[in-house]
Every structure is written in C-alpha cells, then in structure tokens.
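Chain IDs A, B, C and D follow the sequence of writing; residue 1 opens each chain.
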Amino acid sequence: MDFSLSEDQLSFQSSVRGLLERSCPLDVVRVVAAGDRDAAERVVRDLDALGVRGVMAPEADGGLELGLLDAVIIQEMIGRQCAPGDFSGAAIVIAGLSSFGGTSAARAWMTKVVSGDVRPGVALAERIGVRDGTGLRLEGGRLHGRSLFVVDGDTATHLFIALPSGSLAIVDATAQGVSRVPLRTIDATRVFSEILFDGVPAEVLTGESLAGAAVNRMTAVARLLVAADALGAMQVMLERAVAYSLERKQFGRVIGSFQAVKHMCAEMAARLEPLRALIWHAAHAFDEGSEEADLLILLAKSHAAEVGVFIARTATEVHGGMGFTDLVGLHYWFKRIGVSRQVFGAPEAVRGEAARLQGWVSS
Amino acid sequence: MDFSLSEDQLSFQSSVRGLLERSCPLDVVRVVAAGDRDAAERVVRDLDALGVRGVMAPEADGGLELGLLDAVIIQEMIGRQCAPGDFSGAAIVIAGLSSFGGTSAARAWMTKVVSGDVRPGVALAERIGVRDGTGLRLEGGRLHGRSLFVVDGDTATHLFIALPSGSLAIVDATAQGVSRVPLRTIDATRVFSEILFDGVPAEVLTGESLAGAAVNRMTAVARLLVAADALGAMQVMLERAVAYSLERKQFGRVIGSFQAVKHMCAEMAARLEPLRALIWHAAHAFDEGSEEADLLILLAKSHAAEVGVFIARTATEVHGGMGFTDLVGLHYWFKRIGVSRQVFGAPEAVRGEAARLQGWVSS
Amino acid sequence: MDLRLSSEHQAFRAHVASLLESHRHLAPTATDRGLKHPKRLAWQAFLLREGLAARTVPEAYGGRGEAPDILKSRILSEEFARTGLAPPLAGQGISMLVPTLLELGTPEQRQAYIGPTLRGEMVWCQGYSEPGSGSDLASLTTRAVADGDDYVINGQKIWTSTAMQADMIFCLVRTEADAPAHQGISYLLFSMKTPGIEIRPLVDMTGTANFNEVFFTDVRVPRRQIVGKPGEGWKVANATLTHERGMLGDPSASRARLMRVAEIMQRETVDGRSLMEDPVFRDRLVALQARVYAMQANGLRVMSAQLKGESPGMAGLIIKLEGCELNHEIARLAIDAMGELGILYDDSPHLRDDGDWQQKYMYDLGLIIGGGTAQIQKNIISERGLGMPREPKSAKA
Amino acid sequence: MDLRLSSEHQAFRAHVASLLESHRHLAPTATDRGLKHPKRLAWQAFLLREGLAARTVPEAYGGRGEAPDILKSRILSEEFARTGLAPPLAGQGISMLVPTLLELGTPEQRQAYIGPTLRGEMVWCQGYSEPGSGSDLASLTTRAVADGDDYVINGQKIWTSTAMQADMIFCLVRTEADAPAHQGISYLLFSMKTPGIEIRPLVDMTGTANFNEVFFTDVRVPRRQIVGKPGEGWKVANATLTHERGMLGDPSASRARLMRVAEIMQRETVDGRSLMEDPVFRDRLVALQARVYAMQANGLRVMSAQLKGESPGMAGLIIKLEGCELNHEIARLAIDAMGELGILYDDSPHLRDDGDWQQKYMYDLGLIIGGGTAQIQKNIISERGLGMPREPKSAKA
C-alpha cells in the first residue's frame, strides 16, 4: 500500500520543473502570451529533450511506457509554469491510439506522434457538447463540418478528430479544404482553434467498438490533464499569495500576519491538497484499468474547476490591487485556471455525466 | 416615493416588540419548547390584546384593515422573540377569505377568525408538493385523505384546507373522522400537525376561480410571513453574536476585536440587510396588488432560506462552543430558521416556481 | 411606504423624457470616441443648459443652482438608461473635485475650475493611492517641500485612472514631514503638463491600461494651489471620498445585467438545448435574481432615508461590499452559461457581447480587491455598523 | 503508487475477518446499553486476547505488544465497519490517556491504570477546557494548592464528555500560581468519586447532554497522582492532544455517509418524483461526492506518509478543517433533500433514519465551532503549513 509518488516520479517531476523554470520563466510567458510562436516552440523543444512527448507510449514505439500519473505530474509542472506547448495534445492522442490493440495503422501513427514527426491537433469538443451549431459528418471517407476548441490546431501537422459516432478520424492538417481559425481566449498561453472541414479525405481507424473506447479514453485523459494543469496553476497562485503576504506591509505589519489573510490562505490550502490527491488517485486508477477510473476522472475534472474558481480569486484578493495588474503577472495563472474550467466539459456538464455513469439519472 | 416604515408602523412594531419581550422572554421560550401549551396560549392572549389577529382583515369584520407589510412587521417581531402562537395562521386564512369579494359565507368566517372564536388550522403543504404519498380528495362534500405540516392544527377549531383543485375547504377540527397527529420538528416553539380526514363533511367556499386565487394568496402570505419570521430570528442571532463577541475574551482580548470574527459579523449584516428590504418590498407589492408581487414573494422566501443557513451557522460559530449549548439558548433561533427554510416550499422548489412564473421554463 | 412619484416628480420625468427625445439627434454615440470629442462637449453643453447635468451646482459656477433632490437625480439616470442616450459627463473631476471645491475651495478656485470641469473642457485625475499605501492613505510618502512660493513634489502615485487624458490632478502630498501620519498631508491641484510628471500606463489583467502610475520629479506647484490649509489634506480627501461613495452604482444596473444573462441563457445552446432549460443554471440564475432584487430594494431604502435627510445606516454601509460581489457573480454566471464560448476574448470568432462579460468579471474583481476593498469594507461594516472594536495596534509595530 | 495490500496484510485481513465471523455471536448490539455492560466487557476481553484491540500496547500492560502498523489499524477498522460488529472500546481513556501514560507515566501509573482502562473496567473523562479558556488552554484557572501530601483543587471544567459515567479524570490544573501561563500547569489523575466533585450535564442544541460541566470544591488528590513533573502539564497535555489528532475519523465514513444520502435521494419523492431526478439536488450530490473522494484520496496520502515514517505535511494539517465541514455539508444535503420531512425530530411520525441527520447536522456543527475549532485550525494551517506569522500580541492586552 503506497499512495505516493515513487523516487523516479519525484525525480522526473523535479527535472521537468527545473527545466521549465529555466525554459519558461514569467518573461517567456509574457512573450508567448503576446503571440510569439517561436518562443512557444522553444519551450516545446526543451520539453522534447526530456522525452516527455511519448510518456504514455510503449517503449517499442519510442515512448517511455509510463502512465497517466506520470503525464499528470508533467502537466502539473506545465501548469505551474504557465507553459505553452502540445504536451497534453500528444498525450491525449497516444492514449487514444493505444486502445487499438497495436494494429499496424495505430502503431504507425503512434510512432510518429512520439517522435514528433506528426504534431497532433485534437478535436474533442463536439463529442462533449455542441455549441454554436458546430458538427461533423463523414461522407464517403470525406469529412465535412467544423469543430470548435481544437487543441493545438495551430501547430498540428495532423488532426485527430472524435466523430459523433465515436470513431476516430485523422486528417492531414495541410490538406485542401482544411481551414484553421485561431480562437483567442483569455488565456493567451494556450491556443485553441476552430477548424473547418470542406470534404477533406479522412482516415478512420478501424475497429468501430475500439474506436469508441479510444475517444472515451482521449476525453478522460484530456480532462484529467487539464485538471492537473489547473492544479499546478493553483499551487503557484497559493505560493505567490503567501509570499506576497509576507513581503507586503500595511498598517505597520506584513499583511500575512492579519488573521483574515491567514485564513484565506489556509482555506486555499485546505481545498487544494485533497484535489491533488484526487487527481493522483484518478490517474492511478486509469493506469490500473480500474472500474472506478472514469468516475474519478469526472469528479477530478469538475472538482478542479470549483477549487480553481476559489483559489484564482482568493489568491488574487490576497495580492490586493497588485493582483489585478500585469506587473506581478498573477493573471496568467488566473486565466489559465479560468479556461481549464470550461474546456473538455464545464463542471455542471461533467457532474451530469458522473451522475449518469452511476445510474443516478435515467435519461 | 417613500420606501420606509411609517410612524404608525414603527410605533406598532415597537409595541409588539415590547409586549413580546415581556410576554415571551427566553425562559418562556424554553417552557414552550418543553411542551407547555398553556404558556404558549398566554403569549397568544397577550398578542390578541394588541388586536394583531385581524391585522389584514377589513375594519367592518373587526380587523385593523392594514396590509401584509404590517403583518410582516409583526411576524418579524414574533420570530425575533421565537414566540409561539397562531398569528401567521390567522393572517394566512384572512388573506384567503378576503379574495372571495365579501361573500356572506366568507365574511362570516372572517369575522370569527378575527375575533378568535374560530381558531384556524391551515393545510397548504399538499398544494406545494406532496411528500410521503399524502393527498386529499373531496367526494360528495366529504373530505378523505391526509395532509402534512398543517399549521396550528393543534389549537385549531376549524381547518382551512387547500384542495388539489385550488378550492378552499373548511372542516370542523373536532368533527368525527378528523385525527390530529402532532409532528415534532427540531423547532419545538412551533407545532405542526398531520391531519387525517376520514370522510369528514367539508364546506367548500363557492366561486371556483376565486378559490384558486384564495389558495394562491394564502400560499404567498404563508411564504412571506415565514420569511419575515426567519428574518427576525436572523436579526437576533446577529445581535447576539456581536454582543457575545464584545464580552467573551480569548488570548487577552475580546473576540470581537479579532478580524476573523469582525468579518464574519460584517458578512452577516451584508446579507441580512438587503433581505429585509426585499421582504418589505414584496409585502408592499402584495398590498398594492402589483403584478410583481408573486415573483418578489418567491424570491424573498427562497432568499431568506439561503441567508438563513448562513447566518444561523455563522452566528453560532461566533459563539464558539457556547453557541452549541442550551445555556445561551441560541439554538432556538437556529432551529426556527432551519424549519422556516423547509416549510411552504424549500428554496430550490420555490426558485423553480419563480422560473416558471417568468416563462423561463416550458414544462 | 409609497413607491409612487409625486406629481412634481412625474412632471420632471416627463419633462426630461421629452427633452431627451427631442434632442436625440445631438447625442454622441460610442463611435464618437475621446473625452473631448466636439459632439460630447456640445451634448454636455446642452445638458447643462437644460439642467440635466450639474443640476445642483450654483449658477455662478455653471450649474442650475437647484435644490438637491435625490429622486430627480435618480429619474435623470433612469431616463438616460431608458433612452440609451449618452449620460452627462462624469469622471473624477465632476463627481469628486467639484463637490469638494464647492465645500472647501476658495472663491478663486471655484471660479477657475468648476465651470471648465463641468463643461468637459478640463479633465481631472486623482492622485491618492501610492504603491506602499493601498488601503492605508495615512502612510503615503509623496513629499511636497515648500520652496519660496512653490511646493516641490517628489514621489509616485498609482491606480490613477485617465492620467493620460487629464489636464489636471487633485493630489495628496505630505507637506509636513514631522507631523503625525494623518496631519502632515495637503491637497494640491496642479496641471498634468507641469514639468517633471511622467505617466506610465498600468496594464491590468483585462489587458487594458485602465490605470496608470504617475511619477513626480521636482514638480513645482504654486503654494496657492492648495485646497484647505496645509496639513488638512486628510480632511479634504475624506470629504472627497464621501462624494465618491455617492457615486455607487444604481442597483437597477445590476438588474439589467442579470436580465442580459437570462437572455444569454435563453439564446445559448448546448447540444441544441438552451441553457435556460438546464435546471442547474436556472436555479443559479434565480438565486442571483433574488440577491439582485434584494439589493435593489435596499437601494430604495437608502434613497428614502436620504430623501428624508436621515442616515441610511447599515443599509448604506453594505452597498459597496455586496454590490460589487453581486456584479462579479452575475458575470461569472454569464461566463459559465456560455461555457467554452465564455472564455473567448479580444476579437475571437464566436465571441459573445464583444467579450464584455470576461472584461466585467475581471474588472469587477479588481473593484472588489483593489486596495483590499472587500477587507476594508468589512472592517467598516463591523466597526461603524455593528460597533465592534478596531484592530488593536500591534505590539511589534 | 500501489494501492494493493502486501501478502502479510492480506493475510491479516483474512485472519481478522475469519475471527470476527466465527465470534459474531459474542458481539454486543445496540440494545446492550451501558459502557460496562457485561457483554461489552466480554467482547473487549475477546478482542484484547486476539490482538484486535490494543494491538501495540505492551503485553505487560494488557495489550499485544506488536509493532505499530497503521495499515493493520486501518484494516481492523475497515473489517469492523464491514461486518457491522461492535468495534473495540474507544473513549478518551483508551485513545488519549493510555498513549500518554505509555510515554510519560511512571511504571506504577502504567501498572495501575492501563490494564483496567483497556479492559473497559475503568472509564475516564478529560478535564481540559474551562469556561474562560475555550481555545486558549494557557489561560486556565482551576487551581491545585499543595497541602501536605495532597493537592487541594478548586475550579471548574466544561465540555467534559462521559463525566457521569467516568471512574476517573485526567485533568489540567494550575499548581504554580506565579509561573508564566504555560509553565504553571500540572496534569493530575484522580477518581471522579473524590468528595467535592459536582457534575452538571450540559444540554446542547441536539437536546442531549453530550457534555458536562464539572465543579471542584476543595477536592483533595494525593500529589503522587501527577503525570510528569509539576508545571509540566502543558507538555503532557500536548502529548495527549497529539494522540487525539490520531483519532480523526476514517474518511471512508464520509463516503458511506454520502452514499446514504444518495439512497435517500433515490427513495424520497416530491409529487411522486424522486429527488435524484431533480438535477439541482443531483448536481449538489455529485459536487459533494467529489469532495468526499478527494478527502479519501488525501487520507490515503496521509496514511502512506505515516507508513513510511514521513510527515504527511499539509495533507495531514487540513484533515480536521475540511473533514468536519464536509460531514456537516453532507448532513445538510440530506436534510434539504428530505425537505419538510428533514426537519422532523424526536419520535415524530414520518421521521427518517431516527432523526439521525438532524443530530449529525447539529453535532457536526458543534465539532466545527467547539472552542473556535475552525478558526484555530485555520491558524494552524497558515502558521505550520504555510509559514505565516502568528497573530502579533495586542498592544493593549
């Protein structure tokens, strides 16, 4: 019985953290947020040097053959540093491809995603909930329609698309008939896209029932990773709030000695710490193939959204007016948490899924 | 434009408050809660001496011909003192009877309710939401079934019953076939009953469409009065929390000088004060026959429930362990607020009604 | 209790409505940008002439000299909101400096500043907050040293809005270095064109520079530019702060904001089903509606007290805390209802309402936390409203 | 990360399960009331004999003398919960005094008290809190004055649970009147039958006397009844408090509680429709479920740290604050789901679950607020967990 990170995991975590602290300090975050794609690519290359892209892929396909828990650890550090990049997109796709039981087509894609030769974009949003009348349909092997909030659509060489049927389709991102429109969110450190498909040839991975499993796995991984990303951002916000409160003086004392400020920080910690354990637990259950994994991931995603609202606001409040400015840059994490709340299913929708999964609702 | 209580209302409020402070101090509340019905009746008689029973009834029928706002003022003082009695029951019935446009039957009942010759019990719960398979049906002028949470069912000479059809039926509470079972709630200062009807002759007030209006009015008045009662209880809890915090010392200072305690009290006040205004506004709109009255009452009832949970808990928290004991007696108000939250429609249900009223939901 | 208007006020409303309707063509629109756009100044001149702006300012200074009437002020703001026409110029000069000068300024100061300020020809900014003194004005350190007929000012201000557009600043400086914290401060008026002033825009989390930092290096200001006596700046500023509290938003704005969320929830769909059909969001909307209506009723209560010249008491003290929080919560519901579309920003496709809700969500948070406002408001409520003791002085301080 | 049990622990679980199953007929049930009911004492004797109780207490004092193994403790509590059989006796004597005596008691004290306490023959109560010192033990005022070989005790304690049933008390008294606040306190053991002790039940908001006040008037206690040295009571008590923290509930109890609420929501109907079909309640249930599962995972993390002899850090510090609050929230949801039926109490018709939820709702609130617990917990988290400074001493104090 051991519910803790292994030595290897702790050391990996520390490597990723150290690397990102050097590779992506706040100055780089600012530049990335201002739209410098090269700066973002430099961070991606630095992470690739650690081999994180294939963390969940089999060794035979060039991966590290680790689990979602390891991906969660990496993603938490990425959120901590507010770093750009396509780590989560690659992890999502690899998790999906791995459910095809090693078919040659799936392995071929896997190898290329792990090596970085294929840079995946991931279109899951329509599988989770259709907004603004988006939608996709496959006719005679060609894809029509449009998808919102495609992950890493801007840097993608290929797009991995969850079809309404539950199948997984792959298209060349540079093919004729593909139009990519960047979506600007409040969080400028990550880029989402809208992608329009006008009769684009698509490869549909074979095995319909397996494909449904693939899309479900992709959704689960996407949700847990975005929760882990938010967790990292929350941890930084709490740490920065405490640090600021020990520096800043008002009325002749550091504000961190005021009971109201202390209690705000204590409440943040009291909510954050169990969330971390829940995310770990969900990842471990996923890796073990436990029946509880789906439920735990839904709970983790929705809980991260709620704790996130509280911490993003409270940590900003501890900073007083400074928290509102760009000077201390706290808002990058605030916004990252805000975006993570909504993507891959807002908390109410995700809780609805959790209720259905437990047979708590008939419809 | 004057959104404030008149001189008359303030002076009336002050009379009721003064009377109840003498008639129903905490010692009497304890005795009443322990089950002393005579003690409760003494408080009722003292209130009757002020003529409050007929506050909303026409002068021609022996009433004061004032409005729901005046009833609200009285009920707030009753809640403030955690006093027993059938004031709200009488007010609810009078509000119902007044919508029959002065038919002789309705006026006859009205006069007797105002004089206290008829002590009404009020059965509304099944009109609001059926629990535990209760229900009523009228067959050949006789009433069958049972009703939960009948107001003042224990002291009633007659029962005023909202039928599923929207009609208002009246039965003799001592008639054969009527069984009264007291319901014990956490709040022992008010008594609710379950009443079983086994083919009891019932008088149905004529004018079906008017009767529907009567039951709706009765429900509205019941809801606003119970919100006003909770408001009075909340006000006391806040006042007592502040007073306790200025007495009690810890770590060498009164606890009311600790920022955490001050902020808890400030948050209570910030939620309580607008609630009071909302309740006033709703009562005034009802008295003016404004279109907005129904909505305002639904909002006031549900909002009182939410503010009530917060204040009941927070005021207790300010008292520390003492708040948990019977010694300071704070729990009488805590429980009164808890019961007021649930009766005549819990907040979620009432908000659902408000949404329907505004056309925000189709079903 | 009587929420009807008197016949005088009904007549006033009709008069205002008809005036606005008949001059609708003169009103500037959102595209007429810039504080001093000719159309804006012409509209302001019209409003002043008709007594629809600066109604209670004496005629000698460019107003209408009418008796204060909160209800008429309310009617005016309602009519501007109803017609959607540009309201009278506001800004810190008009809402804070003008009342302060009327109360404590010299006749010369009134003559020199009130008229141009009301007409919109002279724009002001406020120099109160400093980096080291967020919610603690008494600790401010910007110094003004007397030198001949001038003060020489050195130091820094922060949270200065409209500093880039302002002609003038009303500014708190420490003139008496040796006096106790609250007694060494003076209140000065000077031109933003004075040599030695540097303005740096302060970008905030909305991505906009709503505020600025203002740096003073040997800025020379004639000593006659003081309002009140040297060392009385604290008193003068407090008069101004009182006027700022008078600026608190009309609670009917919260109601309008809530109703816009209701519209969003009816319009936005997920999987073809409107958010309004989702009972969880609907419940949250109605719960917020109750708070909004409660604050609106509370606002009626405050206004009634003011009409009678009474103190609104607790009902007044809680407005800022509860009102700001409520507006923030409304914006939060709007964003949650829009889901992924709610986090879009700037000029993104699919953006709703020009990103207004995200702007509001963040800006309102700024209002809640700026200078520890919520914390300070709770102190005020507990101390002034509930009679609880002030925080004891720290033994270490 | 590996949540599987080792083969040793799997075997232990099987052993416990089989022992309990084969002795099921010996277990007392809810109707065997009274702390010293013969069936209870016999069951405890069986549990002690088999090492299912007091597993780590040395054999010399009546335990099994085995090495501490948190996982085995957890397995034991899970098996008792699973089988529904009466768990080993707990109470403050066993959970707080015994570990304290093992650490700081004299050989004579251990010999005299541990065995009878473990066997349930000697029941203890705790005399710490006083009316004037809720969360501030250093300010306690119950005095013990040395007189020959005795201390003579005068004063009052409060929040003393099981005082009516207790044979003995472990009690903090001020023995050194002149010493600084924390250094003048001693830790005494004495019989509750000693002349001069008066017990007054303290009825609480649940309507039950879960606690008592205990008054001491010239109570004579031999000086040898002290644990530790005179003036060291603070240290001894803190050792005890550490053990109390070890008593924190198993988070799986919260999960079981939540699942009971889910059952209620499936069972209870309004207008014939189950509460589980109400999306608003369902959403609240799942939101709470996430918090419960998070606390359970947090518990796993704490246990893992303890297994490795590491400090659980923040994960441990937050348990009491978050756990109590969560239990209270679960009870609140149960009551809200039951609506009017949720406020029934005592022996009312239509009462659900014997009024258990209302009891829990109020009792758990007592746990949250008792002695300002939530406030104190937040101080602890911010100071020990986040390194924030202690409240400065008041200049006026």
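Methods note: a residue touches a chain if its C-beta (ideal position, glycine included) is under 8 Å from a C-beta of that chain, and two chains touch if they have at least 3 such contacts.
Note that the structure is a prediction, hence the values are computed from the model and not measured.
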| item | value |
| --- | --- |
| Result of counting contacting C-beta pairs for A-D and A-C, higher pair | A-D |
| Chain separated most widely from subunit A, comparing mean CA positions | B |
| Whole-Å gap separating subunit B and subunit D, where each centre is the average of the chain's CA atoms | 40 |
| Subunit C-subunit D separation of Cα centroids, rounded to whole Å | 53 |
| Shared interface positions of subunit C, touching two or more other chains | 278-280, 283, 375, 378, 391-394, 396-397 |
| Numbers and ranges of subunit B residues touching at least 2 other chains | 253, 257, 259-260, 263, 348 |
| Subunit B-facing residues of subunit A, complex | 258-260, 263 |
| Subunit A - residues contacting subunit C, complex | 125, 129-132, 148-149, 181-187, 194, 249-253, 255, 257, 260, 309, 313, 316-317, 319-321, 323-327, 330-331, 334-335, 338-339, 342-343, 346, 348-349 |
| Interface residues, subunit C side, partner subunit D - complex | 278-280, 283, 392-397 |
| Interface residues, subunit A side, partner subunit D - complex | 1-6, 69, 242, 245-246, 253-254, 256-257, 259, 261-263, 265-267, 269-271, 273-275, 277-278, 280-281, 284, 288, 296, 299-300, 302-303, 306, 347-348, 351-352, 354-355, 358, 360-362 |
| Subunit D residues touching subunit B - in the complex, by the definition given at the top | 129, 132-136, 139, 158-159, 202-205, 207, 211, 268-272, 278, 280-281, 332, 335-336, 339-350, 358, 362, 365-366, 368-372, 374-375, 378, 391, 393-394, 396-397 |
